[in-house]
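Once you scroll down, you'll see the structures, which are given as structure tokens.
Okay, so subunit A shows up in both of these, paired with subunit B first and subunit C after.
Our next item is the complex of A and B:
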């Protein structure tokens, strides 16, 4: 199957800058004894879109939340480095993080109904980052909020400014959240399953909207997704995560069209496509955080596992333009 | 031709909305279902597909007799569901099983799995008390769960396991028809594949009639041989799965197919706008407002579901032509 048609080859055309916009190196996150993220490395160039893909519990959302500094509780320990535009995020003070969030880094949550405050109008909520980060006057904020609502395809924005979230449909609420996330023209947009609560026709509209706006602003985006086919359609690069590790990462047309890691292959064989005749589930379950296998974490479920897989963790190797962590790449 | 196990004859379901404050004001009506005609043969596997607000769940509630039709009739065998006597109702409850959308919420959290599964068996007195244990073990085995789970509570089970228990409970009374509402939504792909394979094998082995509600055309095509597409309380197209996938005749079906994420196609927002409110239905075809093919006539006359060819019915004045 050829995925190339599905993708913009924007990444290939972009000149590689000196330093990536986001550089994650050997990043680990512990919560007490549990290793939630283990040695994650990836880099994102300006203008690129990256998809984090995997089953629940893989650490996709944890990585996104760690990036935006929402996992800074005392019991959470961070190791390794998270660099955003050259700034080390793991040691950033909370006050500095606040200047980043909603400003240089925007975030779209999965459940718009839960993420929006039911007690404030959507106009007030869109205006908040405009006040905090840009210091716009009250009148300017209202004008800009209406413009933003228009730009995310909300009809009659001036009337809707004074609407409360519950007065809008799920798709419209999601658009409001996109408007909030993009209010300050962020350089990086994080979107955690932005469309999984929506119908397919609305999903396509929202995804197209996010991509259009991200390209217009020349921002980068990280999508947390569970739908592989959607990942192929919207992401330049794909990182497949399993049990807190990245098992395969590279250009999405290669990773999804010809996966090298057995887990990526397994995931792909479970995807229901139109007219699928057979689905081959991956046997077993994701291991619990307190009982991670010593070697390769996927080994107990892997059809190709041999003795070494159970004993030693495979290092990520560069193969065919991507990083793959497996002892037996063929 | 064999007589259908379920027949819906121009079924309508309207809800009255009360507006506060004014006396003597005519209540507005919300039409959740409007003139639905459907025949279900024994052994059929039918998927009801549509976006939220299309009336899928209302339709299944009517077919289960949980709600009366405002107009039209729902027939099970030859009998009108609204006129079943107590004896017939009990038989209906045994022969038609339902798998709820929220599997965990559909189980009493304070009952053990064994009691949850034994309840329908005891209620319908399907076997002697002494034989129940054996029967429960067989049920769990059939849905691929270890017998050790019988003494657990629902909260101790994973999302995939709880769906399997829900399927086992539906099978407990040996039904002839299973209706399922979004039974694989929200599961990880690997677990979803397991549950889908289980449902498909069960239907193939035992010839159970399946009515499956889903918003996912991929899931519908994998599980069911027939698909009925709903939009705003109406069936707009129905027919065999392969025909619907390969040559959709209704523009809405085509838009749903185009919006489905695929590895080999670019992202395409095939429809603009959202499903309108069922309270103030537009005159003419209810899809006309979003339809890329709409013409003046579409806003005037409301197309009925009519036969397009031997197997397919479409409700559109200008069905999509062409082989693909």
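Our next item is the complex of A and C:
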């Protein structure tokens, strides 16, 4: 008994970087027969930011929803392991998971206009996690909500507390969304395309705001993005997803500068770059979930595909400080 | 805000004017000659002309309508030929409260049964609750209320003897005795509404629960019951109130049947008796009062929208 206590104390005193904040191992998610996420593995250290990059339908948002526990059995079937601060999330009871949501794990939605309840004031919606997780009194909630609104750059927060979402602009609504997600100082922030529903002029502002807040709170963050260059710019690490699998994962600069996987290369070359005259689209489309190739899921669209690619799934290999899943890395 | 309200008011007044013109025309077009009836079988041309003049029936129709409308607004609705009762007194003070009480109680019963059934049907699709909601919806609409009333009287009134079969005791005089008398009529009238409310609740809630803001509420750790009953149902209220308001005409129609079956002295009973006695002046009062009621409910629903949906409020 004493020994167990000693062990826990020791674990608590250990430097935090020893165990990753989030450890996803061989995680699969099935919806009936369709394998939506297939053997996803990634690790996130405290304070680290990761960009999940890929086309729509790659499973990025699904992974984010699964991490916050909004996609669970019996709706979908989960396999493998999701460990958060040493807790196995896939086997967590719903009541315990609820204590993490909005508290230790925050989620920013793509479209704030749709993700804010039209019938409640923004103050009420920001105050909800403060009541649920921190148990603040009504007065304290109002004070803290105003502070949070101030911290995400909403002018005159006290006046705006009683505003309904439709009375705010899209950018302001997304700021409210960020305030809600960060209300309880989460250790992990998930941001699902946080700027793609906004005007180009305020996209950079919002991205900057999220990064500032995350750094200030020393939280880890996963950004779901479809833009490789943006991801590399704002995140420490990049994980490129294709059809429910991670094909390449590693430090941002290296993945962007010298992509190893043919899909990452394709993603890079289909972005218009200043001074470049070439724009090469990736031929074909993501295969439908019920007709996934048995081997590498990218094989049908891959310029380098050989016979083995269609038959056997490549295992992730560590190369140049990153993991790549391809039969022909060189 | 003021502009919208005044436009609404003008529209309402126009509707009331049309209803009053129609009910005035109804009296004019009805077979029979009031002067002849009042004078009896034997009368002279002079006395006929004199009474016609006294009643103002020799004046132009438009003027007659104007006088009648002015009297109506003043509350001078005439006197019943048969009971010699003041019609305003009969309709507004005696019959209207009965009908309003019956309608309110029926609506309450329908809401108390209909909303939980609809929520259960939405949460557990294709379960027993869903089957029950669908059965209630179809059954309630298909089953004629007079027949259901007779069945209820037979089972609970005559056979089991749990509830009184006929009659009315004013709840504002003896609350529990009044309620006891109103249970069977209110269930009869409410049955039609239960299915409707359950169906609207089910379909609206299903739509609302698919919205991103519901997922967002769950993502901040809100428990399931709060997500459904607070975040979800708050948004279901708007379509629900709309349907209830629109179907209130149906409820007034159902009230006529129910009042006759259970011998309740409400508006429906008053009009039915008046029709059988060919007492058109009372029928006319019934039409006007029903029209007023309908318009008032619609105005109330309109005002409720602004209260329920913040997006419709103007600052």
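Descriptive notes on the structure:
Just so we're on the same page, the second predicted complex is superposed on the first by the 308 of 330 C-alpha atoms of A that agree within 3 Å, B and C clash if a C-alpha of one lies under 4 Å from a C-alpha of the other, contacts with A are read in each partner's own complex, and residues count from 1 in each chain.
Keep this in mind: a contact is a pair of C-beta atoms (placed from the backbone, for glycine too) under 8 Å apart; a residue touches a chain by one contact, two chains touch by 3 or more.
Computed from a predicted model, the values in this text were never measured in an experiment.
In the superposed model, A:115 lies in contact with subunit C only, and not with subunit B. Of the two partner chains, neither subunit B nor subunit C is touched by A:292.
By the touch criterion defined above, A:134 lies against neither subunit B nor subunit C after alignment on the C-alpha atoms of chain A.
Of the two partner chains, neither subunit B nor subunit C is touched by A:78. Of the two partner chains, subunit C is the only one that A:98 touches; subunit B does not reach it.
In the superposition on chain A, A:227 makes contact with subunit B only, while subunit C stays out of contact range. By the touch criterion defined above, A:34 lies against neither subunit B nor subunit C after alignment on the C-alpha atoms of chain A. Greater residue coverage of subunit A by touch, when subunit B is weighed against subunit C, goes to B.
In the superposed pair of complexes, A:107 makes contact with subunit C only, with no contact to subunit B.
Within the superposed three-chain model, A:316 lies out of touch with both subunit B and subunit C [touch as defined at top].
Comparing the two complexes, no residue of subunit A contacts subunit B in one case and subunit C in the other. Every residue of subunit C that touches subunit A in the complex is listed here, in rising order: 211-213, 215-223, 231, 234-235, 308-311, 315.
Of all residues in subunit B, only 51-52, 158, 188-194, 196-197, 215-219, 221-222, 242, 245, 255-272, 274-275 touch subunit A in the complex they form.
Those residues of subunit A that touch subunit B in the complex are listed here as 1-3, 5-7, 55-56, 169-172, 199-205, 207-208, 211, 226-230, 232-234, 256-257, 266-267, 269-276, 279-282, 285. Note for the complex: subunit A touches subunit C at residues 65, 68, 70, 98-103, 106-107, 109, 111, 114-120, 128-129, 132-133, 164, 166-167, 177, 180-181, 183.
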